[in-house]
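Shared chain: subunit A. Partners: subunit B in the first complex, subunit C in the second.
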Partner chain A sequence: MLTLEAIVLGLIMGIFYGLMAFGLTLIFGILKVVYFAHGESFMIGAFAYSLLALWLGVPLWLAIPSAIVVGGVIAVVVERLLIRPLYEKFGDWQAMRDEYAIIVTFGLSLFLVNLANQIFGPYPFRGPELTDVARFELGPMIVGGHRLVAGAVGVVVLVAAYLFIQHSFWGKQIRAVAQNRFGASIAGIDTRMVSMMVFALAGGLAALSGALLAPLFHASPDVGVLPALKSFVIVVLGGMGSPIGSLLGGLILGVLESLGALYISYTYRDTFAFVILIMVLLLRPQGLFGERAREV
Partner chain B sequence: MGSHHDIGRTALGGIASVLLTLGVGGAAAQAQEPIKVGVTLTQSPPGSVIQGTEVLRGLEIARDMFNEEGGVLDRPFELIVEDTQGIPERGRAAVEKLITSDEVVALTGEHQSSVCLAQTGLVARHNVPYINTNCWSDDIRKEGHPQVFSPNMYNSRVATAMAEVIKGLEVDSVFALAENTDWGIGQAEALDELLEQTGADVDYQYELLDREARDFTPVIQGVRGENPSLIALIMLPPAAYVALNQLHEQGVIPSEDTWLFEGGGLFSYPDFWENVREAALYGIYFDLYHTEMALSDLGAQVREEYMQRHDGTPSRLVFQAADSLLLIKEAIAGAGSTDPDAMIEWLQQAEVEGTRGVISFSDEPGPLFQQWIDTPFVTFQVTELDQTLEETTLISAPDSGVQIDQLHRPKN
Partner chain C sequence: MGGSRLRIRNEFLASLVFLAIVALLPVWVISPYWRGLLVVSMYFALLAVAWNLLAGYAGQFSLAPTAFAMIGAYTTGLLAHHYGLSPLIGIPAAIVVSGVVGMGLGRVVFRLRGPYLALTTLSFAEILRHVVRNAHEITRGEFGLRVPALFDSHLAYFYVFLGLLLAVQVGLYLMLRSPAGLYLQAIRDDETAAASRGVNVVFWKTTAFAVSGAICGIAGALYVHFSEIASPQIGHIFETGLVLASVVIGGMGTMIGPVVGAFLVEIASEQFRAIGVNHMLLFAFMVIVVVRFFREGLWGLVMLALGRRLAGPRRRARPAQAGGS
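Showing the complex of A and B:
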């Protein structure tokens, strides 16, 4: 029963990982940018939800979407001010200077962590739980009440995001740009608008993950560091640029971490992610759902 | 036109007046020149910014109080603060800079054992007095540097306090959750040794947790499976808050079957109740300060000043920080100068009334080297939400033994 419980808890954690990785993989798919400040979108969501609810008394049903909006808007501002100049002067994304993106987004990450430290102070904030039920007990299996409700919200949003990408008009544009930015622009797609939309979506989903986990992880300036690292692993595991890969990769990582911590050692829990990363890069560098690519 | 004699007298007078001016001017300059004290602490992540904030508040209060009284040797104190982020190599670089560039006369403020351990060798090489404000790891004193003085708590004493309560509770199994830092590992190991020494028949095990991690559920599942009689929590916020809440989420605490003993002085953090709710109830908390604890005049002044400035009850770190600067002040006054050897020699023989008792340092080699052995501590139990420190139930105090019969258990 402990194993089943570990799998369930791992799957729930995998949903939150998936929310993070989904946006990250979209950004990579569209812009080929490794966005190092993604963890800070998680942090922004955690703070936005916690402070809106705790300081301003915003109802929880409104605080959650508000956190998504805050995360999305800040990501759009980042894209407009910091990311767009990197590719705007180069007609083709292939000519973009990736190393600049790495430096800019890494610097942005450090800046946002320290800015949050200055604005919100050193003390963590525990966001309010979405339910008053402390825990659900199914026989000997125990799952925290908030964890279960937050996981359910995460599933709904992830499915909606996936359907949006696969079937909506905008989603098709995103996929077109991901396949060939230059070709999509010739076909009349506003690639700059698509890039901005992807950043909004990625920032919003990461912020949602942070908001849902704020009661469990507590909002603090560095709360997004570890989730961001794990979402990088998931993106590699699922295949860079593959939304379905990021969803499944999140679930796989969540379960493996949970079982590994239970049966091998908790001390190495966060190491499992990086072992997986090394194994994937060695055995299947394109990831589970990625496509082999070679540059000519 | 004067004679040669007059000229000589005038010249001598001129030289004398110049020398006098220089001398007086120099003395005046020295009178105004502040005494620089180097402070290293955590002001930004990933280290404990909460601790760093409290330490800085305590040092600033002490500095202002001492400077109002004229400082020491008619010179005011100046604190030169460096942020270490809780990273050992940054702490080492900060010390190097403070000593060689800022030319501080003493160092203090550090509150994370890993950083202290990276710094002490360096201060020994430069021969600068170092007052360890809050690094509990026994390894710091085992190094035996004469420049390092520890007027704070230490791991083996916390472990002793834990072991006494554990023995009194007559529990048969203890599971410690410790953060993977020098402090956490050291305290988990010290508890193991102390439990053996007390002769308590206890099955003891511990798990190390990453202080950067935020999901401890898998290990807590394991703890729940073990059903220990007592959980010892040896972690700092925010990870400590997260662990407490996840223990509650999994139904481990509060419980009729399992006690919680918190060994990091968590309750006195200003944000405790905002981050921990039901999970805190019926826990036994270790701390270095309680409102029922006797404070010296200085301690009472520090407490009052803190409450005026920051609208809350000061944590132990505030008093520890004030004690640290007090020791530097007294060492300079006692030595009559900022000469490091004279200050160190004075401190080795010192008996200084600090905020919570008379501080003196042991010369016993090993983990007690230049440690204030009789650091006062308390243990108390929290029984209601939002309890203040004075409303908690005192289980042990500096002048009393452990009162196990005062403890309450929740009904499942």
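Showing the complex of A and C:
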């Protein structure tokens, strides 16, 4: 019974991981570089939700979308200021885009964490729960009320985001740029617009993940660091640039962590993800669902 | 190639001048606080130089420099705590352990490039920190490990660190002007091309990781004998951020940039902390601005001010590649 409960809790956690990893994999897909500041979109979402609801008394159904918008807008600003040179400049820049991307996004991550620290202080804010029902009984299992509602919201948004990428006109443009930026621009796709859209989407989804987890994780400046690292693990696990891989990878990681915490060690539960990452990179570098060879 | 060697020589000489000035500082700097600060600066300078060897010269963006400092710190710390061994055994052991772990990590990740390398090394660092933090029975977790002091005075630490930094700079200079330096830079500029010209890519990458790890290890070991406590904070990701900031602000891929950068960053950190400004905020911002607008860092600005053209490997001529992958 414990096992089943752990699996269900892991799946719910996997939904939130999936929300983050989905955006990260899109960013990787169109830019082919690593983006270290993704966890800060999560942090921004958690703060935006908690503070809007606690300080300004915004109703919860409005606070969640507001958090998404805040996360998306900040990600677009970042794209405009720091990411654009990656694909607009050639020559010198193209030769060291990895170097630039790692340093600038790592610096950005530290910057945003410390900015939040400066503004809000290091104290955690506990976001309000979405429902008053403390616990749901699903047959023999007991699941926290907020966890279940937040998970449901997450599933709906994830499915919508997936359909958007797979079937909408915009989504097809994004996938075209991911396949070949140059070819896509010849076909008349506005690649700048697509990049901004991807960052808006990624920032918004990560912010949503942060907002939904704010009552469980609490909003503090460095709250995004661990989820960001885990979403990297998921992206590598699912195959870089594969949206469906990021969803499945999120669920897999959620369940593995949950079972590992139960049967192996609760203390070391946060290290499982990294062990998985190193093993995947060494044994199956293309990920579970990826096809591309891992050459850059 | 002559240009590259000349450049390295000039940077090396400039760094010697800088270290000579630092060596004279204790004449005026008397307060233990400031002397301690200089020691910490040199600790960061060692990490920065070691990271610069990997990232700046060999192009391997490891995000684990402070993890190796932590390995060195805990090697000597645990030997002293559990077996009562003296630092004279602990510190050499720290060099060996961190060097061997560095070699192992280099061996494991040699196939990975760019983002994958950064992620794997970051994961390695985070796993290590989690283990150290949670293995209470052995490492006492966040409480930290009491480590015996090596000397009584700050001045002794000061000159030991200075001597080490000098030795590392000289060693690095000799390495960089030998064929090894060219191999490393060739790997950074284009790994496939280097391999096709007969450079043993795996060997040199592994060596770079081992040497960089060993430098970080000895720095970490000496540092805990100075601060008399080993804690998982040594390997925190913010510390990696400070190392990265030192190198980027000072000038990446130069011999002097990381040294000067580390002093600037550490001393400025303390000043900002004193007036209540978040120093990481400022450095993170500076890193972004430097890497976005002037790649060469402070040393690049100095060279620009001196009116010299910055020739050398940082300006890589590569045909513009249109399109994505």
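Note that in this section the second predicted complex is superposed on the first by the 283 of 296 C-alpha atoms of A that agree within 3 Å, B and C clash if a C-alpha of one lies under 4 Å from a C-alpha of the other, contacts with A are read in each partner's own complex, and residues count from 1 in each chain.
Assume a contact is a pair of C-beta atoms (placed from the backbone, for glycine too) under 8 Å apart; a residue touches a chain by one contact, two chains touch by 3 or more.
Since the structure is predicted, the reported quantities are computational estimates derived from the model, not experimental observations.
On the superposed subunit A, the positions of subunit B and subunit C overlap enough to count as a clash.
When the two complexes are overlaid on their common chain A, residue A:A134 makes contact with subunit B while staying clear of subunit C. The partner of subunit A that touches more of its residues, comparing subunit B with subunit C, is C. By the document's definition of touching, of the two partners only subunit C reaches A:V236; subunit B does not.
When the shared chain is aligned, no partner comes close enough to touch A:E88: not subunit B, not subunit C. Of the two partner chains placed by superposition, only subunit B is touched by A:M13; subunit C is not. When the shared chain is aligned, subunit C comes close enough to touch A:L115, but subunit B does not.
Once the two complexes are overlaid on the shared chain, A:E5 sits against subunit B while remaining clear of subunit C. In the superposed model, A:T267 makes contact with both subunit B and subunit C. Shared-chain residue A:D190: touches no atom of subunit B or subunit C. Of the two partner chains, subunit C is the only one that A:Y100 touches; subunit B does not reach it. When both structures are laid over each other on chain A, subunit C collides with subunit B only at 93-101; the other stretches in 57-65, 93-101 or 381-389 stay clear.
Subunit A uses residues 113-114, 117, 225, 267, 270 to touch subunit B in one structure and subunit C in the other.
Those residues of subunit C that touch subunit A in the complex are listed here as 55, 59, 61, 63, 108, 111-116, 118-120, 122-124, 126-127, 130-131, 134, 189, 237-238, 241, 244-245, 248, 278, 280-281, 283-285, 287-288, 291-292, 315-325. Contact residues of subunit A toward subunit C in the complex are 28, 30, 32-34, 82, 85, 90-92, 94-96, 98-104, 106-111, 113-115, 117-118, 177-183, 225, 229, 232-233, 236, 267-268, 270-271, 273-275, 277-278, 281-282, 285, 292, 294-296.
Within the complex, the subunit B residues that touch subunit A are 43-46, 49-50, 52-53, 180, 207-210, 212-219, 221-222, 224-225, 237-238, 241-242, 245-246, 248-251, 269-271, 274-276, 278. Subunit A makes touch with subunit B in their complex at residues 2, 5-6, 9, 13, 113-114, 117, 121-126, 134-135, 137, 142, 144, 146-147, 213, 215-218, 220-223, 225-226, 257-258, 261-262, 266-267, 269-270.
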